[in-house]
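In C-alpha cells below, several structures.
Two complexes follow with chain A in common, the first pairing it with chain B and the second with chain C.
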Partner chain A sequence: MSSDEDEWVPFSRRPEWSDVKPVPQDDGPHPVVPIAYRADFRETMDYFRAVYLSGERSHRALNLTAEAISMNPGNYTVWYFRRLVLEAVDADLNDEMEYINCVASKNSKNYQIWHHKRWLAEKLGPEVAQKELEFTKRIFAIDAKNYHAWSHRQWVLDALGGWQNELDYCTELLEDDIFNNSAWNQRYFVITRSPLLGGLQSMRESEVSYAVEAILSNPENESPWRYLRGLYKGDPNLLICNNQISGVCLQVLKTKHNIIFPLSLLLELLCHGFQPSTEFVSAVEALRTSVPESSSTSSLANTICSVLEIVDPIRSNYWSWRRSHLPSQVC
Partner chain B sequence: MESSPIDSSSNASSGLSSSTSSPPHSDRDHRQITLTVTQLEQLKVEEKVSEIYRILSGAPAHTQTLMLELWRDKHIEFLTRGLNQLGPTYRVLDANRPWLCYWIIHSMALLRESLDIEVENNAVDFLSRCKDINGGYGGGPGQLPHLATTYAAVNTLVTLGSNSALLSINREALREFLLRMKDFCGAFRMHHTGEMDVRACYTAISVASLLNILDFEITKGVGDYILRCQTYEGGIAGEPGSEAHGGYTFCGLATMILINEVHRLDLTSLIDWVAFRQGLEFGFQGRTNKLVDGCYSFWQGGSLFLIQRLLSIAENQIKSLPMSIEQEQLSMEGNVDSAAFTVPKPDGSQRQIHYFENKDAGKGSATGLDFIRTTNGGPLFHSIALQQYILLCSQVLEGGFKDKPGKVRDHYHSCYCLSGLSVSQYSFSKSADSPPPPNAVLGPYSNLLEPVHPLYNLVLDKYYKAHEFFSVMS
Partner chain C sequence: MGYCKPYGIKFISWTIVGGFAGTIGLDPHLLYTLSAVQILALLNRLDVLDIEMISEYVAGLQNEDGSFSGDMWGEIDTRFSYCAICCLSILHCLDKINVGKAVNYILSCKNLDGGFGATPGGESHAGQIFCCVGTLSITGSLHHVDRDLLGWWLCERQCPDGGLNGRPEKLADVCYSWWVLSSLIMIDRVHWIDKSKLTEYILNCQDSENGGISDRPDNAVDVFHTYFGVAGLSLMEYPGLKPIDPAYALPVDVVNRIFFSKF
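Coming up: the complex of A and B.
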C-alpha cells in the first residue's frame, strides 16, 4: 500500500493534465457518512469528475478511469464512463478483456466487473466463448461457488456457445466436491438448456441414476435430493412412477441414519399420489419409536410429518404445518 | 410456543454432533477418508458455534441472561460513529453511501434511537446531493442514478420521516427514472445500460409501491421475469438459470407480493427450500450447502415472515397438488380475470379453487398496508434458535454485528442481523404491531426491537407515516 502511494504522482503535477480543472465532490457543509479520503483517492476522483462532466472521451480519460477503478472497483459510474470512452476511441477490446480479467482476478465478487466482462464478451462474439469459459474455470479453482462467475458462465454458454464439454465439467467439479450445489445447479442448467443433449426428457433417466448414486454415497447431502426432485419439476405423475426414486428413499430409510431427506421426498411422493407398499409403511413405522401412540391410526404422510417434527427439531414448526395441511387424499 | 434452545441444550449439542458433516461413523470409515472442501469448511464453523453454545449451556442462569443481552448502547455507539465519520478504507464503499445511510439509520430506528434534528437535516441535505436531476439517486454526489441506491435513499428518507425528508423526494422524476430502467422484457436494469436482475426488480417495485406511483406500466412483465428465476430447488435466483439464493428469494417473493402476483410462484417448493436453509448452527445459510451467515437472518427469516401471511395461498396450492404447477399456470393465463376456476379431481369430481384476482395486478398501492393486515399464521422457522445465533454468534460486544464467528463487523451485517432479530421476535405476534408474548423474545425482554414492515424492511411506524403522506398524492 505505502509503496503505491510513494510512486503515485498527483495529477496536479502531471503536465498532460495541466489543462484540466479538478471538480471537488459536492458533499455539502455537513455530510453524513463522510469518508476520510486519502489525498490520492480524492484527487483522482476530482479529475474523474472533471472529465466525466466535460464528456472528454480520450486515451488519457481511459487511463484515468483505470486509476479510479484500482482504488474503488465498485464505482459503477466510472465503469459506465469507461465503456463510453472505449467506444469513442475505438479501443482494442481484446486488450480491454486482458485488463478486466486482471481486475476480476483480484475482485471476483463485484457486480460491475462481471457486467463489464459481459458487455465486452458480447461485443467480441463467439470467438471468445472458450476463453471466457476458461476464465471462469480459473475463478472456480479458487472459489467453486462464486455466484457472479457462474452467472457469467451461463450467459456465455447461452449467448456465445461452448456447450461441448459442459456436462463433463460439472461431473469433474462434483467429483472434487459432491456437496458443491453450484455445480449441481449448473448440471441442471446443462441438461435442460444445452442444445447438444436433447433436453430434460432425454437426459432424465441417466440423471436419475447419477443423483441416486450420489445420494447413496452421501445420503446427508441435500443437493442430489433436491436435484432428483427437480428432474420432475412440473411432472409429478412421472416422479411417483419412477421406482428408482421411491427405491432410494426406502434404501436410506432402512439404514435409520440421515432420514430427513428421504422422509421429506417420500412425503412429496405421497402428496402427489404415490401408493406405498407395505415395505414403505414398515420402514417408516420402524422410525416412530418415540412418536406418541395416539397417531397410530394416522396415514403414512401424517406419520412422516410426526417423525420429522421430532428428528428435525429446527423445522418442527414447518413439519407441523405440513402435517395439518396434507392434501385430502393422503390425510 | 417453542422452547428456548438453551433450555433444551440436548437439542443444540446433539444436533451439532450428529451433523451432516461430522466425522464419519466407524462403519463407513473405509470410504469417507477425505472430506470435501464444503464438508471441511462446514465442520470448522460448526465447531466454533458449538463451542459458543457449550459455554452458554454450561453457564449459570445470570451469566446466560448476560450472554443473551442485546448490547444496545454499544451498537448505537458503533452506528453513530459511522454516521459521523468513516475511515479511508471505506473508499471501496464510496459508490454506496446511501446504503451506508440506510444500514445505519434503519438500525438505529430498530433500536428506537432517535437522531438529533441537526443530523436528520444533514442526512436529508446529503441525500439530495446524491439525487439526479432526472430522477433517482446515485451512490454519492454527482454519480449516475442507480436503483439500489435509490431504494436505500428512499428508505432512509422514510425512516427519517420528517415532512422535509419526504418532500425532498421528486416522485414524478423518480417514476420517469424507473421507466427508463425498465427493459422491454419487463425486468429492470440497475442503471442506464446496467445489469438486469431480481434485485433491480425488487428495488424498483419497492420504491414505486412506497411512493404510491406503482401502476401497470411499471409492473408489466415483472412477474414473468421473477417466475423464470424460480429454480428447481424452490428458491429464487438472481437471473434465470442461476442458483437459488436467499437474497434474491426475498427480493423476488416481496416483489411478487407487491405486484399482487404471488400466487403464480410455486410456493410449496419455495417454502420448503427456505425452511431447509436454517441449519444446525441455528442461523440461516444463503444457498444449499453453503455456510451460515447472519445477514440471511433477514433475507431468509424475512422470507418466512412474509410467508406467514401467505399460508392460505400456499395451502390452496397444496390442495391442488395432483395437478402440476405448469398446468395451473396455463389455466391462469386463460382465466386472468376470474377469481376462481374449477379443476378436475382425480375421482372425476370438480373442485373450486380461489385465487387472487390477477386483474388487480398493478393496482398495488394499497398492497403494502393490506398485506400486514392479513392474519399471521405463526413462524415456519425456529425463531428462538435464530435469535440465539444472532445474539451469540453475530453480535460483537464492542458494537455491531458480523456474518459469523471469526469475521469482522460491518454496517451491512449490523442492519440485516438487527432486521432479522426484529422479524424473529415478532413472528408470534398476532397483528403486525402488537407486542410479542414474553417467551417469544430470547434474553431479557428489553432486547425487543421495533417491528418492521417486512416487504420494505422499514420500521413499521415509519412506514405508516410515509403511507399516509403519499397516499393523498396522485
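Coming up: the complex of A and C.
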C-alpha cells in the first residue's frame, strides 16, 4: 500500500500485477473535455477498472482500492468495490476501521468516507460506540461544526448507544465556543432523545437556566434565544408563564444593547398572551427615542416592531410584515 | 456527466439497473440520476430515457420509514428524498412511491428553529432546507411548514455584507443565494431579505476579467458558484435572466414544458 509519491512503483512494473491487463478509460473517439490525469492516477484507475470488471475480490484488489482512494477519496465506486472485497476476503474490520479513521482525519468533509465508517461501525456493533464518539471528538477539535461528523455522532448514539456523557460533552463544547450552533443543536438532541435523561419536560427547568445564563453572557448569540423557544415548542402557554424567560428579555433590554433577540422573543410572548408589566413597557419605550414617527398610542407589540425595523435594517421588511400581521389582541 | 449541448446526450452514462452514474464506468446514484434527468429536461430530450426502468430504480431506493437511500449502500439523507421526488415528478411517476411516508420522513427532520437537517435531529442547514422544502413543495405539502418561523430563520442568514450564510455564525457564501432564496420563495417569504444588498454581494463575487462567480469576493471562481450566483440573481428577477423555478432548479419555461405541454 505504498502511496508515498517518491516510492510509487507503476503497476506495470510490479510483478504481482503482471497477469492483469489494464483497462483504459473510454472517453469515446472525440472526447469533448478530456481531463489531464496524472500518469500515476491514470494507471491506478486503469488497473482498478480491470479488477472491478473482472470482479476480482482479493487482497491485492483491496490494496489497489486503497491506492485509488488515496488519489481520489471521492470515487464512490472504488469504495463500493472495497466493501465487496472486504466481505469476500473476510477482512478484519477493526483494521479497516483504523485505516478509515486515518483517511477520514485527512478528508473530514467527504461523504463516502463517513458512509464507509458507518457501514463498518454497524457491522462491529455497540462495542465500538465509545471509539466512534471519541473519533468525532477529534474531528470537532479541528472543526467543531463539521456536519458529517455530527451526523455520524448522532447516528452512533441512536444506533449503538453511548449517551452517558453526552450532555456534559455539549457543555464542554459550548464552554469553548458559546456561539457553536451545532453544539446547541446537539444539546437539544440529547435532552429530547437521550434514554437516560427523562425527556424534554423533565429537563426544561435546568435547561432554561442554562440558556438564560448563556444569553446573559452573550446577548447577541442567536442560538440560546432559539433554544429557549425550542424548550417550549408546542407549549406557548407555559412559555409565557415562565418568569425567567420574560425576565431575561427585560434584563437585556434595559442594557439597550443587543436588543434584536430580546425584542423578538418579547414580541412572541405578547402574541401568545403575555401580559407585560409597566416595567416592560418603559424598557421598550426607552428604546424608541430614535424612532421618530411612533405615536404614544401604539401598542407595545407595534412599538417593538417599529424599533426592530430601525435597529435591524437588513430585515426591515420582515419586521414591518410582522407589524402588519399582529394578532388583533396586541395591535 | 456529459455537457449541455444536444449532441452531448450520448455521454450521459446510465447503467443496467436504471440509475445514472457520475461518469462512465461508475455505479448508479440518485444524485447523478436527478442531474441526468434535469439535463435531459433542459435539452428537451426526456424521450431518450427508459422511464419505466429509471423510475423503478428510484422507487426501489425508498425505505420503510419513507426516507430514501442514495444508492444500494443505504446512506440516508434528506438530499436523497429531494433527488428522488424531483426526478420522479419530472418523469410523471410520483405514483410509484409512497408520497405520504416520504413527506412524513421530511417532517421528522424538522427542528426547533423551523428548519430541517439531513436526518432526524440533524442541525438545520440551508442546503438541507432547500431539499426538504423542495420535496414538500413538489408533493403539495407546504402546509406542514411553519412558514413564519422558518422564514425568519432564513432571513437571519443574511449577513451584514449582504450575502447569505447556511448556518448561524458561518461566513456568507454565494451558493446560499440559491439554497436560502429558493426556500424563501417556496414559502412565500422572499420579501423579508434585502435583495439589493444580496445582488450587490453576488456581483462582487464575479471575476470581472475572466468571468465566473466565486463563493465570496476575491476567491477563485468555479462552475458551481457561477450556477448558484446566476440562479440566485434569476430568483431576484435580475434583468436579462430567464426566471428559474425554485423547486425544480430548472428554467420556468422548461418546467412548463414538462407539466403543461401535450404529449
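Here is the rule we go by: the second predicted complex is superposed on the first by the 316 of 331 C-alpha atoms of A that agree within 3 Å, B and C clash if a C-alpha of one lies under 4 Å from a C-alpha of the other, contacts with A are read in each partner's own complex, and residues count from 1 in each chain.
As a working rule, contacts are C-beta pairs under 8 Å (C-beta built on N, C-alpha and C of every residue); 3 or more make two chains touch, one makes a residue touch a chain.
Just so we're clear, the structure is a prediction, and the values are computed from it rather than from any experiment.
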{"item": "Combined model on chain A where chain B meets chain C, clash or fit", "value": "clash"}
{"item": "Touched partner set for A:H257, first chain B, second chain C, both or neither", "value": "first"}
{"item": "Chain B versus chain C as contact partner of A:D176, first or second or both or neither", "value": "first"}
{"item": "Which superposed partner A:P195 touches (first chain B, second chain C, both, neither)", "value": "neither"}
{"item": "Which superposed partner A:E220 touches (first chain B, second chain C, both, neither)", "value": "first"}
{"item": "Which superposed partner A:P15 touches (first chain B, second chain C, both, neither)", "value": "neither"}
{"item": "Touching partner for A:R38 - first (chain B), second (chain C), both, neither", "value": "first"}
{"item": "Which superposed partner A:G273 touches (first chain B, second chain C, both, neither)", "value": "first"}
{"item": "Which partner reaches more residues of chain A (counting touched residues only), chain B or chain C", "value": "B"}
{"item": "Touching both chain B and chain C, residues of chain A", "value": "25-28, 32-33, 49, 75-77, 80, 83, 111, 115, 118, 145, 147, 150-151, 154-155, 158, 179-182, 185, 188-189, 193, 222-223, 226-227, 229-230, 233, 264, 313-318, 321"}
{"item": "Chain A partner contacts - residues on chain B that touch it in the complex", "value": "2, 11, 15, 20-21, 25, 31, 36-39, 82-88, 90-97, 100-101, 104, 118-119, 122-123, 125-126, 129, 138-144, 146, 190-195, 231-234, 238-239, 241-245, 271-273, 275-276, 278-280, 282, 287-290, 311, 314-315, 318-319, 321-322, 324-326, 346, 377-382, 385"}
{"item": "Chain C residues within the chain A interface of the complex", "value": "3, 8, 10-11, 21-22, 24-27, 29, 71, 73, 75, 111-113, 117-119, 121-125, 151-153, 155-156, 158, 160, 162, 167-170, 191-194, 197"}
{"item": "Residue numbers on chain A that touch chain C, as the complex places them", "value": "25-28, 32-33, 49, 75-77, 80, 83, 111, 115, 118-119, 145, 147, 150-151, 154-155, 158, 179-182, 185-186, 188-189, 192-193, 222-223, 226-227, 229-230, 233, 264, 313-318, 321"}
{"item": "Of all residues in chain A, those that touch chain B in their complex", "value": "23, 25-38, 41, 45, 49, 52-53, 71-77, 80, 83, 111, 114-115, 118, 144-145, 147, 150-151, 154-155, 158, 176-182, 185, 188-189, 193, 217, 220-223, 226-227, 229-231, 233-237, 257-258, 264, 271-273, 313-318, 321, 325-329"}
